[in-house]
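What follows is chain A paired twice: with chain B in the first complex and chain C in the second.
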Partner chain A sequence: MINDASLLLWLIAAGPLWAAIGLYVMPRSQRKIKRDEEISQSKLQIAGLIAGFALGPVGVGLIYLLPNLIRRATLILGILIAVFVSSQVLVRVSDPNVPSVMWLVLAGPLWAALASYFIPRHYHEVDADDNNALTAAALGGFAIGPLIFALMWKHSPKISRDWIIVLGSLGAWQIYTIFAINNPTNPCVAAPYHATYLTQQTANGVVIGTIYSLMAVGLTLIYSVQGVISFAHGQMYMIGGYFSYYFLLHAGNYLSELTGAEVSVNPIWGIPVAGFIVFLIGAVFERGFLKPMHDGLIERAAEYAILITFGFGFFLEYTTLAIAGPFPQRADRFIEIRRFTLQRAQITDDFAFGPINIIGDRVFAMVIGIVLIFALLYFLQRTWIGRGLRATSQDKQAAAVAGINPTKMNTLSFGLGSMLGAMSGAALIPIFAWVPWVGAEMVGRSYVIVVLGGLGSVPGALVGGIVVGIVEALGAGCYPDPSKGAAYKEAFALVIFALVLLLKPTGLFGREQI
Partner chain B sequence: MALFKQIQSAIDNSIGRRRLGYLLLGLVVLFFLWFPNDTSQSNYAKTVFISGFFYAILSSSWAMLAGIAGQFSFGHMAFMGIGAYVAGLFARDGITVAALGIALTPESISAVGAIIIGTIAAGAVGLVIGWLLLRLRSSYLALFTIAFSELFRIAMLTEYDFTGGSNGLSLRPLLEVADVDTARQIEYYLMFGLLVACLLVMYRVAHSPIGIFLRAMREDEDAASALGVNVVRYKILVFVFTSMIVGLAGAIFYSDVGSERIIPEQLEVLQMSLIIAYACIGGMESLLGAAAGAFISRYLLEAMREVIITLPFGLTMADGSDAFVWETGAWRFALFGLVMVFTLRYMRNGLLFPIFNWFSGRDLVLKETVAKRKHDDDHVAMLEDQDE
Partner chain C sequence: MKGKSLLVSLVILLALLAIMPLSAIRADGHCEFAEDSITIGALVPLSAPGSVEGGISMQWAIEHAVEGINADCGIHIDGSHYRLEVAVGDSEGSPERGQAAVERLIFESEADAVVGVYHSAVGLATMTMLDENGIPTVFSEPWNDNVSANGIIEYDGRPPRSADGIDHVFRISPTSTMVGSVVVDWLLSLGVENVVLIAENTDYGQPAAADETARLEAAGVTVTQLDVELGTEDFVPILSRIQANPVVPDAVRLHVTGETSLNLTQQMAELGIAPTEDTVCVTNQYAFQSDTYWGTVPDGNYCAFNRVGIIPSLFNEQGIELNEAFEEAWGKLVPSFAMASYDAVHIVADAMERAGSFTDAAAIVDAIEATDIELSQGRYHFMYGSHNPDLPEGTPAFMWHQWPDPIVTVMQYFEPNQSALNAAVIFPEVYQTHGTSYIVPGTTP
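Moving on, here comes the complex of A and B:
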């Protein structure tokens, strides 16, 4: 066995050195290639670089003498590099408990990078349908390591959504395995309570995720009709909560004066009130500031839309801060039941689910969210105006020809979208402490949700919301250092967000219409 | 109006508007150079000016990125933070690469060295981010940069044992002057010099062929690419360039020049939105406009902390004083947001644009675009007439 230090030196010094030599000599090997099969200069250079890095002098010599190998070689060399670097990982972090083959798979990010570089290029070369190939390659590289090459290289199959779901689940399992190996005392992996803990976190995630998705549905509605991402959506959510809070406060005081007894109004009444007011605010804003954009009065409309919605959100946030002050507010509870409990289910002696507790108000808010989303779906599918909205989102001109006024539909969509944001705010003010900057944090989440589900897709927003809820709950619950885990809560979703934007910007259910 | 016309023609006939403009600009620079020597001014005023210069750099470099190159990045503050944090961590911990035999102890690193490292780090991250962003446009780009900037902020906040968390990270002080007044004066000139230097460099780039390529890219990426502009190269270049400028500004400002420590709160999206608002109010497509907008807004926001109105006609308040005192609190920012929205809607080129336009002596708005749109409208109207 080579000792540690010299291996490192090999990696740092020798690899790049040979790579540089390979880069230099390879273009000069052109004469060895038959004229009719000329290989481009850059390809030769890259091959030299990779071969030098992976195999040192052997690689450079081999590829210089047999440049025709390059055609088949990119794959072979890629795998060789991966084996080489994985062996580095093996030496560095090897743990007597882990079979060494596991480490090859565990070098997930590395395989993901390799697969996402080579596989889409291969798809392009063999002229296969490369839709989703990048996503599947990256996920698969992470989840099953080198096996993904075996699956995708030879036949280059068309990648369906099932592929992505299966590979994504395997990737999640992979992360779980890494946790189990590195941090055996973590509550997520330590028997016998891990099953209970995981189910509890997942249930929390599903509940809160459904509430998140109501807000995201508003964002997606605006986008699908107008093609505009509202950067004021978080502030719409925030003022929705405040309108509900002040309405409940004043209505309660008024009724108390009227009846002479202490009366408090159930926060459910705040939801339609907040929704109505914010609908008007959204519609007026659209008329005043977004309509000129659709009328073609403004150059570079996309940038204008970002800035104007952003500026409006800025205005709303500080106005609220000036009026309501920076102190946290919270409304009364929806229902008296503190928590719902699912009883313990003993599967075997040391494996059991439950008991699982879910806070009563959150369940209630989730039900409101689901009811509102289904009401919206009904509105979009079954009513004349809803169909008009969908028609406008598909084709403005054609809709106008059919007698739908696109200007009205734009205003309506912005009002409705803002209204949904405000309603989710009003549904959450009994649950979270409300401060004027609560929207900024929440809106980040809805961007994640809409991009993950596919911008413009209502079912996508629902699925995305649940996924984000679960990821946040599990991430915060399972992070090795609990205090840091809570602080990183938003970050887990943001990582997914960045990956989705880079790998598959159309999201899971990506369509351009509702 | 007639008087204004007379004055205008008098100026046109004597020294000309452009020269008058340069003269006034020179006077402004002279004022800034003289300002710290005014003994009647407190150190507080100088501090406000120093932070004004800092925000002017951030705002004008954002104008370069968004206004000239059309890349709506919300990650500008994150790059500033990378510059400051890397400089701070480097000066605190040094760097050791055993395999290469490099071992730099913290003592062997000067403040200037740390700032240079911070700047390079910001540029390097800008390179990676710029490369990743090649696939994304407008809204998606904005979302991705928000995500990047938030991730960076959360990481800085959470890894408190490494970065100091919400207490922030102290950088190595750049100046070692004991006397507070002298120190403040040097800091003032340092920041002002940095602003002027950054503006000159950016102006040079914006008015070179590169600037033309960037504008072409902003207007229509595909068309620019078809006409031979290497879109990939210039997109990455503008990211690296502006990241390095803000990284440098951040590393210097937090090296005890304007502020003694960098805190993660500075990296919030809200701070970023201030930068964007400054640039929009001042004029997004003009570097000088964005810088002036940032400085003036900053100054006004500071001056409006407390509005005191002396009541006329011998009126008094309830407590007998003759002055109405209004603690503006968050209202000044609300007003500021309103100004931003209306500026964007009705004066796309910023509130300072008419002044620049007048001094330039010619219309800075592209005549062709306006003419073309007018022509299109006429064309449509003509077709409609035919239908009737």
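Moving on, here comes the complex of A and C:
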């Protein structure tokens, strides 16, 4: 007699086993198919996989011996059986009391993997436009399971951005629903406060994410023009903060002496000062150490660029430590409003919204970030030099033919990129305690943002920063174990980073030029 | 005749000068040092992710102590004066880097003794190496209970170090349990019922939080623990989570060090979580650095903090001198870990003199166990060691080779930009300076 436990084991172990056997043997059944009814390799594989998973050896045997059974009706039947079996298995694996919707959580990645393996191959076989097919297949497999095959197999439609958005939203909604079922007391789902809480966390993420973006934009600018990832970017951010701090300190002292009253200079003035100084530092560094690489004087240019920027970063960090000391510093506030509060409003008898609190200086820094990013976009799109930078990022030789000096553009891009890093540092020194190693965490996040948004894309860096900010805020705020939410904060962004690398290696807005 | 004797004197003088470098004696100002010198290994964090500020302060204190000892003609052993030299190892606050630094101190610098260590993780990772290589060691800052308990209890599958009769590691900082008991007693005296503990994910933060949680829960207090990573800057998401809880905590207690604690405290204050009339803020001892604290936590008025080490009003002459020297060098009050590091060098030097050797580790350990010396933080002695191996029942294992009398107090600011020298000592009652165990925000004592 088969008891529950052994049945469960059979289901878990035998389903995937027979699915694998089906996957392996089905292409070899081709000879049994009449020439005029030839079935594609991927179709055979998927039929074997589904039949094996759903009906074990019976399914594999049946479909191997009678491959002509592979028709729409049998495939749909197989999928339905597979869904039923997998849901039963997975529910039993988790907890008999858990709703059947749980299968989606566990089966989602499975279907995503299957869809992302088979659907792009099918698109290739039928010579359809496979742009975004992988992303749609993975997201669709995750969100709607085997139904994605029904949607994408027969007509192999062209995948637009709308598809991605709809499928991504469905996946996110599914995760949220399952999360809510399993964590009913979590503040992200527990009525009546969850709307306020989610809005609060999203606002936290947007605010800090926009500030992250500013730093990442500098990195992407350097990369797109020079093809160099600056490993000194975190230190540019750090010294930007220090230049601003010391400028404000000395300017305040000078004005105080001049007026005879205590004067403190608003940190907003430190931003252009820090930007200008670090622009010069970046430009001089590029001239001295990166230009020889572009001139072909360095044999292993890629390795050289990594090492020289890395070394320069160390130099900046330890020089700052020697000069400024290890004691944390912080500039005065931008504005005297400690926090902006959207007061609580009673919408209905059962539902109230608010309060939402955002720290005043962060809002100010966010506005600075947005202004600077749009100023950069304007500069790149509407000015001659900006166009020169874009032309250089597209094709150095063609740009040179058009009268643009690529050497100067290289210097300018490194100076501008470093400047943007420094300005984000100067915008954040009134918000965080500043130490010489403060850039380490931020630069790591910048790499994630740049790849997420798409290397070389300024709008991508902006969106990537906001995505990272929101993911970190929601991850820390919603993680089921509150004691671990903050500790895993950076890991949440890395999960998104890994998924993007897997599904869309070019990033959300990936392209090769700015 | 007179000219001849002058010539002879001159020749003798030149001859003496010529052979001087060959002699075993080195003259240095008013002292004559032996050719051999004694190397003190200073194991401190000088790079991130370690507490660089802590490490630099400790290094300064160790070097300052060594300068002072050398100015008094070094260590006197058998009629000779031995100069002290410092070899610095950067632990970077991480166990594996700490072990590498200790290896260099032992085998390259040939350190005769080791002092310092800021992070508990480094202390735990290096103490067995130090013991196995017979290096007399005085730790001056790690708090994890097991740093000293490891002398007599099995820890992490290792047999007790004292099994071979010698345990080379001593500690003069308090243990987490010592600190926790004072803070918990204070919180309980305030009648708290619901406490949020925010702890760093380290060998200091986690055991300290666990100890305090156990004590608070035993007293019927509800404790919610949140863990954070050192180096994190933005805590708003997790603080919003505290705010979303309909039950307002009575106290938020931080077990977070360095600049991370400053960011956390400021963001907590900016969001209006603590300090408030309803919620007590208990931040890290770093707040004692009042210049740094007010520079980075401008909204942190009325935050309480645990102070480890002697309180400024009780500084003895050595403490005052050390504080003045530190202020001259760094423009800040001397932190307890710098005072402890300074004292650690003196404890080792004193023990070497009494042992009559700087190479006989067993004799030096015996001498440290018999220490009875007044230094900047007070009178040092070690109650339990091979000279007194039996801990009475109920005495925790960490009392082995542990200085039993570090002062732990709770202090509180009550005016913006207030110097730590003027901050109120609010607990224990015996040290109270303003006659109250808590100053409610918005009031003055």
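Operating definition for what follows: the second predicted complex is superposed on the first by the 402 of 514 C-alpha atoms of A that agree within 3 Å, B and C clash if a C-alpha of one lies under 4 Å from a C-alpha of the other, contacts with A are read in each partner's own complex, and residues count from 1 in each chain.
Criterion: a contact is a pair of C-beta atoms (placed from the backbone, for glycine too) under 8 Å apart; a residue touches a chain by one contact, two chains touch by 3 or more.
This one's a predicted model, so the numbers in the text were calculated from it and none came from an experiment.
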Overlay on chain A: chain C relative to chain B, clash or fit: clash
Touched partner set for A:314, first chain B, second chain C, both or neither: first
Touching partner for A:375 - first (chain B), second (chain C), both, neither: neither
Partner chain(s) touched by A:502 [first = chain B, second = chain C, both, neither]: first
Touched partner set for A:359, first chain B, second chain C, both or neither: second
Touched partner set for A:302, first chain B, second chain C, both or neither: first
First, second, both or neither for A:487, with chain B first and chain C second: both
Contacts of A:335 with chain B and chain C, given as first, second, both or neither: neither
First, second, both or neither for A:440, with chain B first and chain C second: both
Touching partner for A:472 - first (chain B), second (chain C), both, neither: second
Identified clashing stretch of chain B versus chain C [5-13, 41-49 or 77-85]: 41-49
Chain B and chain C footprints on chain A, overlapping residues: 321, 437, 440, 484, 487, 490
Complex contacts: residues of chain A adjacent to chain B: 5, 8-9, 12-13, 228-229, 231, 288-289, 292, 296, 298-300, 302-308, 310-312, 314-319, 321-322, 437, 440, 444, 447-448, 451, 484, 487-488, 490-491, 494-495, 497-498, 501-502, 505
In the complex with chain A, residue positions of chain B that touch it: 66, 70, 72, 99-100, 132, 135-140, 142-144, 146-148, 150-151, 154-155, 157-159, 218, 268-270, 273, 276-277, 280, 329-331, 333-334, 336-338, 340-341, 344-345, 348, 369, 373
Interface residues, chain A side, partner chain C - complex: 187, 193, 196-197, 200-201, 204-205, 208, 321, 325-330, 332-333, 338-339, 357, 359, 362, 432-433, 435-438, 440-442, 472-477, 482-487, 489-490
For the chain C and chain A complex, residues of the former touching the latter: 47-49, 52-53, 55-56, 201, 224-229, 231-238, 240-241, 243-246, 259, 262-263, 266-267, 270-272, 289, 291-292, 295-296, 298-299, 330, 332
